[in-house]
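Read from first to last, the chains carry the letters A, B and C; within each, the first residue is number 1.
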Amino acid sequence: MDQIHFWIGIIATVAFAVTGVLAIADRGVDLFGILVLGVITAIGGGTLRDIILDVPAFWSISSVYIWVALGACVLTFVAESFFTQPQIYRCMLYIDGLGAALFGIQGVDKAWNLDFGLPVAPVILGLVTAIGGGLLRDILAGKKTLLMSHELYAIPVTLGCCIYVLILNFFPQYSLQGSAICMLAIFGLRSAAIRWDLRVPKLFITKTR
Amino acid sequence: MDQIHFWIGIIATVAFAVTGVLAIADRGVDLFGILVLGVITAIGGGTLRDIILDVPAFWSISSVYIWVALGACVLTFVAESFFTQPQIYRCMLYIDGLGAALFGIQGVDKAWNLDFGLPVAPVILGLVTAIGGGLLRDILAGKKTLLMSHELYAIPVTLGCCIYVLILNFFPQYSLQGSAICMLAIFGLRSAAIRWDLRVPKLFITKTR
Amino acid sequence: MDQIHFWIGIIATVAFAVTGVLAIADRGVDLFGILVLGVITAIGGGTLRDIILDVPAFWSISSVYIWVALGACVLTFVAESFFTQPQIYRCMLYIDGLGAALFGIQGVDKAWNLDFGLPVAPVILGLVTAIGGGLLRDILAGKKTLLMSHELYAIPVTLGCCIYVLILNFFPQYSLQGSAICMLAIFGLRSAAIRWDLRVPKLFITKTR
């Protein structure tokens, strides 16, 4: 199981770095900026989580995620025209959704195992793990953040993390199956949002003035 | 006394969440963004303070502040037209000023009791507690931050925190009365600024070019 | 040696505060905003480093850096027309480059001595120490960050930090000389970039769309 998580983590790191770089590439960023912003997209969320949890940043224990993210950034810079092909880009979006699902559930798990602010805080930390890196990238790149778009990205993650916390609380014996199911649920919702370009309905959006 | 602080804290959390949401509602934010940004406005400053102080985030010990903030955000979203009525909004601004006063003095207290970088750091942490959440919200919402406006908001807080540090240092026996007086001073100055729309005089502003 | 580092640190703090203030003065900032943003520019990078390293913020142990930064901010506000003279400003840019060199190498040193995520993390933390404060200032002031400009600022720092990590790893007996040489190398590269207005070549910049 740890093996599976490790490999999904690696794949998710690649996807986060690639989509992170593509999200800002059209603004004229130099290779160095791409390396920094791509790595921040990939590891920023987990770093924020670890800072709030007051445990060492995960990449200080195993630097493989940084190397993988750096490699993915260079690759994206060199082969940008490959990754911006519609079908490839779409594929990366799905993998990015899988990554967000994994990172979210991992964040809940880490907070839960540390007994950190049960039961609310684990959901917050799951969300931070999944979207924190993207928020940092957008802030540093001067882009509108995810919170101001009306994408269905953070909402599936939050729902999945909430359900997972309920499972951990009421059916701790099914935590393993629960984590898999919640990850799939997040991924499924996110995939539906990508596939049919679903967004938050107007009813739930404040009026601009 | 702790009871009083607790209830002012709850009221302040509500006011921060409400004014935090109203400050960005005109940009077309969805309900999820409102929940996240409202909660960040309400608890972000205290979280930054706790991270710098290297103590567990206050909401990991008692999650009541998060629930209160979430409730206030939903309420603001549903009843936006109520809260944007001039006299209600003005009333929220005053309560927000009271909240800033409380949070600032509480921040000084927490740093002082931990012997953290006396005597300068407690003032900094008081200021961080009071305005940190609003800064995070503005950054995430792509708004001009408080530091670039010329509002009299952070200045009263800083003055009050400075005086409180002086009292803690030279008249520790009056710390309780001192905290109440400094809170009132901050609230008074902020209220005057709201009432007469006072701003930083031009003399103290650099010229735009 | 510690004496020398201390004084370079003080000079670097002054330079960071001065250039930090000048970088945003043309946006019409009030004196309070200048104090906050100047201090953040000067001590923000080291603070981020200490938070990630999970050690107390350096200014909680010795507040001299904060006082020096505050003084430099007031001075810059009062004597803005002095500091914006081309030759004085240029001189501050060089000292700022020396500061970035010192802060970068100090950041590597601190992480290395704490055995933090060797060998990759020290480079990241050196970079964070050198440019973190400027990034925070730009975000708070609503300015385009360094990562989106194509300046040769972060790249010399990163190169120097990488070489220093190699020296610490393979020739630990020469760590003292190595730190001096890497600092000079960073300063030299940065000076060349200032002197001849060198920027990242177009080849390494993504196309804007």
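The rule is short, and it goes like this: a contact is a pair of C-beta atoms (placed from the backbone, for glycine too) under 8 Å apart; a residue touches a chain by one contact, two chains touch by 3 or more.
As the structure is a prediction and not an experimental result, all values here were calculated from the model.
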### Query
Is the contact between subunit B and subunit C built from the same residue numbers on each copy (over half shared) or from different ones (under half shared)?
different
### Task
Working from the CA atoms, figure out how many degrees subunit A turns to land on subunit B, in steps of 5.
120
### Gap in Å, rounded to a whole number, between the CA centres of subunit C and subunit B
30
### In subunit A, residues with contacts to at least two other chains
51, 54, 139
### Message
If we count contacts the way the header does, which residues on subunit B are in touch with subunit A in the complex?
### Response
25-34, 36-37, 47, 51, 54, 56-57, 59-61, 63, 66-67, 77, 80, 139-142
#### Entry: Of all residues in subunit A, those that touch subunit B in their complex
51-52, 54, 116-117, 119-121, 124, 127, 135, 139, 144-145, 147-148, 150, 154-155, 158, 200, 204-209
